[in-house]
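Provided herewith is a single structure, encoded as C-alpha cells, for subsequent inquiry.
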Amino acid sequence: MNLHEYQARALLKAAGIPVPDGEVVTTPEEAEAAARRLGGKVVIKAQVHAGGRGKAGGVKLAGSPEEARARARDILGMTIKGLVVKRVLVVPAAEIASESYAGIIVDRASQKPVVMVSPAGGIDIEEVAARTPEKIFRVAVDPRYGLLPHQAMGLAFKLYRQIDQVRAAARILEQLYRVFIDAGASLVEINPLATTPDGKVLALDAKLVVDDNELERRPEIAAMRDLDSEAPEEVRAREAGLSYIKLDGTVGCCVNGAGLAMATMDLVKYYGGEPANFLDIGGSSNPQKVVAALEIITADKNVRVILFNIFGGITRCDDVARGIVEATGKTPLDRPLVIRLTGTNEDQAVAILKEAGFSALTDMDEAVRQAVALAKERA
Amino acid sequence: MNLHEYQARALLKAAGIPVPDGEVVTTPEEAEAAARRLGGKVVIKAQVHAGGRGKAGGVKLAGSPEEARARARDILGMTIKGLVVKRVLVVPAAEIASESYAGIIVDRASQKPVVMVSPAGGIDIEEVAARTPEKIFRVAVDPRYGLLPHQAMGLAFKLYRQIDQVRAAARILEQLYRVFIDAGASLVEINPLATTPDGKVLALDAKLVVDDNELERRPEIAAMRDLDSEAPEEVRAREAGLSYIKLDGTVGCCVNGAGLAMATMDLVKYYGGEPANFLDIGGSSNPQKVVAALEIITADKNVRVILFNIFGGITRCDDVARGIVEATGKTPLDRPLVIRLTGTNEDQAVAILKEAGFSALTDMDEAVRQAVALAKERA
Amino acid sequence: MSIFVNRETRLVVQGITGRDGSFHARQMMEYGTAVVAGVTPGKGGQKFEGRVPIFDTVAEAVAEAGANTSVIYVPARFAVDAILEAADAGISLIVCITEGIPVLDMVRALPYVRERGCRLIGPNCPGAISPGESKVGIIPAQICRPGSIGVVSRSGTLTYEIVHQLSRAGLGQSTCIGIGGDPIIGTSFIDCLAAFEADPATEAVVLIGEIGGTDEQEAARYVKEHMTKPVVGFIAGQTAPPGRRMGHAGAIISGSSGTAAEKMEALRKAGIGVMARPAEVVPLLRERMGR
Amino acid sequence: MSIFVNRETRLVVQGITGRDGSFHARQMMEYGTAVVAGVTPGKGGQKFEGRVPIFDTVAEAVAEAGANTSVIYVPARFAVDAILEAADAGISLIVCITEGIPVLDMVRALPYVRERGCRLIGPNCPGAISPGESKVGIIPAQICRPGSIGVVSRSGTLTYEIVHQLSRAGLGQSTCIGIGGDPIIGTSFIDCLAAFEADPATEAVVLIGEIGGTDEQEAARYVKEHMTKPVVGFIAGQTAPPGRRMGHAGAIISGSSGTAAEKMEALRKAGIGVMARPAEVVPLLRERMGR
C-alpha cells in the first residue's frame, strides 16, 4: 500500500526526523490560508500515487498566499497518470544548499533491509543507479540488530564532511530505519534529503510503501489507505478477497492463481487479443467470490468477452461452476462467456454448467483462442 | 544491584504479570491498615536483601488486621543475616493449589539468557537443581529474537497440562523475559509461580537482580537502590568510585585491581591472618581515591593494621603515595601501615613516602607477613 | 529418486486440526506420505483420523514420532513462530504453505532457520511432491506421474497446468516444487537447480518464473555455469503493468526492473529453452532431451 | 612465536584521540607495535603524534592503512558499536579494554562478531602482549620479557604480579593475555589454551583464574583431554564471601557454585599444578617443566 507524501512525512516527523511544517488541503481557499500561516514562498504539491508529479505540472511554487490559491486551483482536479488530484500539500519553499537521497528497501538478493544513500539527490534514483552507480552507497542491515550507529555514520560520511551534518544525517538514517520497521514498510525514501544554507539537514519529500501483509497488525497504518485514490473496482475487488488490476484490453479474465492469471493474460496477447484485467480469485473456491468477480469484470465497459480459466486443485471446479450459474442467474450476461476448467470435480462442474446452458472447455489454449476470436467479432 | 521483593513485583505487575495486590509499609500501624484494606488473612514479609527470610522468621501469617500489626511489630527491626528489617510487604494469603518456579539468568556457559522452569517450586531452586535436576527445564534464548512463543509454550507444558494454564504460564514467561531485558537484569525469579484452586496462575514472590553496568542508562531502576539496606561504608565506597566489601577480619586491605585484591586477602589468610575487607581502588591512580579508601578502612574498628598492595601499571605508585601522605597528614593514623608498591613510578613513590616517614616494601609476601604479624601483636 | 521429499520423509503437520491442515493431511496420507505426527497445542495425546498421534509441540513430534520434515498450515500470524519451532526442534525440511506472512518477519526468521542447518521451502507455496514417493503440501497428486522431469516454480496453479501437460504427454516428474510467490523465500531456484543437477533420477528441468526480482536471472547464470542437464523455462507476466503487485507479493515490476522480457532474455542467453506459452513445454523438452 | 598478537599485527586504535586511547597508543608505539591507524569520527584526515593517520571509520582504516587488529578505548556506552564496527570492517582480532559494558549488550554482540569470523578479547580486559613482538592493550611492557611461558588470566594487576615473578626469575613469556573480568567475554581460557598448545614457541602455560562461573573447570577438562604442555594455575578469591561481586562483574560466587575451592580441586584433578600463592609460580613451573 502506498502512502501519500503528507502521510509519510507525518510518520517521519513523529519519529523525530526534521521535516518542514506543511499543511494538506483540498480547496484553493484552504491553500491560501495555509500559505498565509506558513509565511513567505510556498510550494504546492499534488498528493497522488504517481511518480513524475513535477514533470506533469503537479508541483508549483507560489510567491504569495494569493498565488498559492491560484496554483492550488491549477493542480486540484488535474489528472496525473490517470489519477485525479484531490489534495495538495502546502509547504514552505526551503532554501537549499545541497540535495541528497536516502532510502531503505527490502533487498530480495541479500534478503535483508538495505539502506541506500546518494549525494546525487533530488532526481530519480533509478536514473542515478543506471548512469552513475558509483554514486549510490548501500549497507545491508542485519534485521536482528537494526541499523547500527556506525553503519549510519559510515553512510552519512558519504554525504557530508562537516561532522555536525554527518551526525545529523546519521540520526535521520537511524530514525528512518525505525519508521521503516515500525510501519512494516517495503520501501521508504527521502528525496531530497537537503541541507539548508545555514547547515541544517532536512527531509523535503517522503515516500513510503507498506507491505500489504503488515496491515492486519497495524490498523493505524491500514487506516491511512486512501480509497479515493484507487480505482473503485479495485477497492471492491479487495473487499471481496480478490486480487484485481484493471487494464485497457477487451478480454475479461477470471483465473485461480496469480501465476496462471498472468499466463492467461499473456496467452490472450499471444493470440492477438488484449487482456482487460488481471484477476485472481485465489485458492479457496467460494462461489461468492466468483459472483463478485463477474460483477467487477462486467462493470468494465471495455470488456467484450469473459474468459474463465480454472485449474482445480484446492479450488473446486464445481464451486466455480455454481458461482457462474448463480451470478448469471441474477443478472443475465450481455457478453459471451468462455469457460475453461479442469482438475478437481471437473465432471460435476461440466454437468452444472451444462444444465444452466453453458459449455466448458478443458484446454487453455483453445479457450483463449475462442475468447480472442469473440472479442474481435464484437469490436 | 538487588531489588526488594516489593520493587520486583511492581515491575512484574507493570509488565502485565498477575501479581496479588500488596502494600509495603514501615510501621505496625500501617501494616494493620493495609491488612484491613486487603481483607481476610494476610502474609507479612520482611523486605531485606537476604535469602532464607522464611527460616529466619521474616515471613508470618496473620489472621486479622490486629494480628497483622503484631506480626509486623515482630518483624520490623529484626536482623536477618546482619540486615535490619525496615520495611514489610503485606499481601493477601492466597490459597494455593500448586507451586512452580520460573526464572531467567544470563548463563555464562552458553552466553545466552536461559529461561528455567520447574514444577518443584516454592523451595530453594538450588536444592532442586542439586537433588532432582531432572525437574528443572531450561531453554537458552537467542537474545536477538527474545523468548519465542513456542519456547514459552514448551516450558509451560512442563508445568501444566490444562491448556488455559499453559497459555497463562507461557504469557507470564514472555512478560518475565520482557522485564528481564527492560530492567537490564542478570537474574529474575518468580518462586512460587502458583496456581489457585480456581485455576489462575499467579506470581506470589519475585526476585530481581540488576546488572550494575545497566544502571547508568536506566535511571528509573537506579533510583530503586535502597541505601538503607546496605552497609553505610559500602555506600560511601561506591560513591568514591571504590569497590569495597566489608569482612570480619583485622587486616585492612587496600589494593589496585580486583584479582590482586582477592589474592592479597587470600595471602593474608595463608599467613594466618584474617582480611578485614576487599577493596579495589581501580585502575586509575587518583590520590583522592586513596584518601577515601583510608577513611573507609580506618572507620572499621576491627582493623588492627592497614596493608597497601599496589602493582603499578596504569596506576602510578607516586599517586598512591601522595594519597597516603595526604590522608595521614589530615588525620594521623592510630594503627600501623604496611605498604607494598612496585611498578610504574615506584622510585618516586618510595621517595615521597620516605619524606613523610613511611617505609615501603616491594615484595607482596613479605608485606602480607608483616601485616599479619602486626595484627597478631595488637590482638 | 527425487529431491527434498522422498520415501525417507517422515512428516509432522503443524496445524493438523485446522480446516486446511486436516484436509491436506488426509490428502497426503491417502497419497502414501508418511504422516507420522500432527501438532496442535493443547491437543497432545489425541489421534488424527484415529491413527496419527497429535502432540503439543514439534519437539515432541520429533522425539516421539521421529518426524524429520514439517508442513505448516497455521494462520499467518502464527506461522513464523511455527517455522522457528520446527527449526528449534531439529526438523531438517520445513514447508510453509501459509500465505500473508509479512516480509520483515521472514527477513528475521530466515537466518534463524539456516543457523540450525534447516531448509525452508516457501512461505506462500504449494509445497513439493515426488510422485510415487511422497507429497508434502497441496499440489494435486492426480496430475502428477513418476518420471524424470524436475519442475520448479514460483507459482501454484500455473505449475499444475504445466505438470498436467507433462503427465498427459507421458513425461513424468522426479519432483515438482513450488518455491513460493513471496519476495523473500527460504529456497531459491538455484537451490532446486543444484539439487536437480545432483539427483540421478532427474534428466531435465522445467523452471517456471514470473515478473519481479532477479531470481530467474540468477538462476540463468547458475544454469549456464553449473548445469549439464537440459533446462526449459517459462516466465509469466509479459503483459503485466509496472509497479502493480500481480497477486503474489513478489510479482511486481519495480521501476524498469524485473520484467518478463528481461528474464526471458536472460534465460535465452544462458542457453535455456524459453516457452512462449505453457503448451510448448512438451515439444521444447523433447527437443532439448533429444527424444 | 606467540598467539593472537605478533609481528603481523597491524593495529587500529578506536578512540585514539581520547584520554586513555592517546596515552596507551603512545605506549604501544613506543613498544614497537605497528599502530597503523586511529579512528575518531570527525577527525579523519588528521595525524596522531604527527604520523599515525586518523580515520572517520574503521572501514577506512582497514581499506587505507591495512589494519587487521583493533583495540578499543571508547567509553562503555559507545564500546559495543565500536566492536560491531570493527567486525563489520573485516578486522580479525578485536581487543576491548573498556569496562562497564552491560552483559546483555555483550550477549547480543558476540554472535555478530563470531558470524564475521572475528575474535574478540575482552571486554574489561588488559589486552595481550607478545614480548618483543607486539603489545595490544595496557599490560605494562617493562615487566615482560620474551620467552616461552604462555600466561592467560581473568585479571589485570594479579597477572602483572605473576608475570613480574616470571620475568625476575628469567622465565620469559611467549604471550600474556588478560581475557577479562566480565561474565560474558569473547575469548575463553580454552581458546587461549588451544592456541598455546598449538604455538611452537610456548613450552608451558600459567592460568590465572578467580571465583565465579565455571570457566576454570571447563579449562581443566580441556587441559586434561587435549594438552600436552605443562600447565600451572592460580585461583584468586579463596576468602571471598558468597553472593558478593568482588570488583569484577564476573567474580561472584552464586549460591554454592563458583568457589575457589571447587576450581582448585578441578585443576588438581586435571593434573594442573595449583599454586597456593602467586610466589609459587616459578618453583612450580620449574618443577613441571623439569628444569
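Should a chain be cited, it is by its letter among A, B, C and D, assigned in written order, with residues numbered from 1 in that chain.
Basically, contacts are C-beta pairs under 8 Å (C-beta built on N, C-alpha and C of every residue); 3 or more make two chains touch, one makes a residue touch a chain.
Note that the structure is a prediction, hence the values are computed from the model and not measured.
Of all chains, B has its CA centroid at the greatest distance from the CA centroid of chain C.
Rounded to a whole number, the gap between the C-alpha centres of chain A and chain D is 55 angstrom.
Chain centres here are Cα averages; for chain A and chain C they lie 28 Å apart.
Across the assembly, chain D contributes 108 as residues in contact with two or more other chains. Multi-chain contact residues, meaning those touching two or more other chains, occur in chain A at positions 142, 144-145. Taken chain by chain, the contacts fit none of the simple shapes, being neither an open path, a ring, a star, nor a full set of pairwise contacts. Contact between chains, per the stated criterion, is found for A-B, A-C, A-D, B-C, B-D. Contact residues on chain C toward chain A in their complex (touch as defined above): 76-77, 99-104, 106-108, 110-111, 126, 138-140, 143, 153-161, 164, 181, 183-184, 208, 210-211, 213-215, 218, 234, 236-241, 244-251, 255-256, 260, 276-279. If you check the complex, the residues on chain D that touch chain A are 41-42, 44, 56-59, 78, 81-82, 84-85, 88, 108, 112. Contact residues of chain B toward chain C in the complex are 142, 145, 148-151, 153-154, 157, 163, 166. Listed in rising order, the residues of chain B touching chain A in the complex are 144-145. For chain A in complex with chain C, the touching residues are 106, 108-109, 111-113, 126, 142-144, 181, 184, 186, 211-214, 216-217, 243, 245, 247, 255-263, 265-270, 275, 278, 280, 283, 311-315, 342-344, 364-365.
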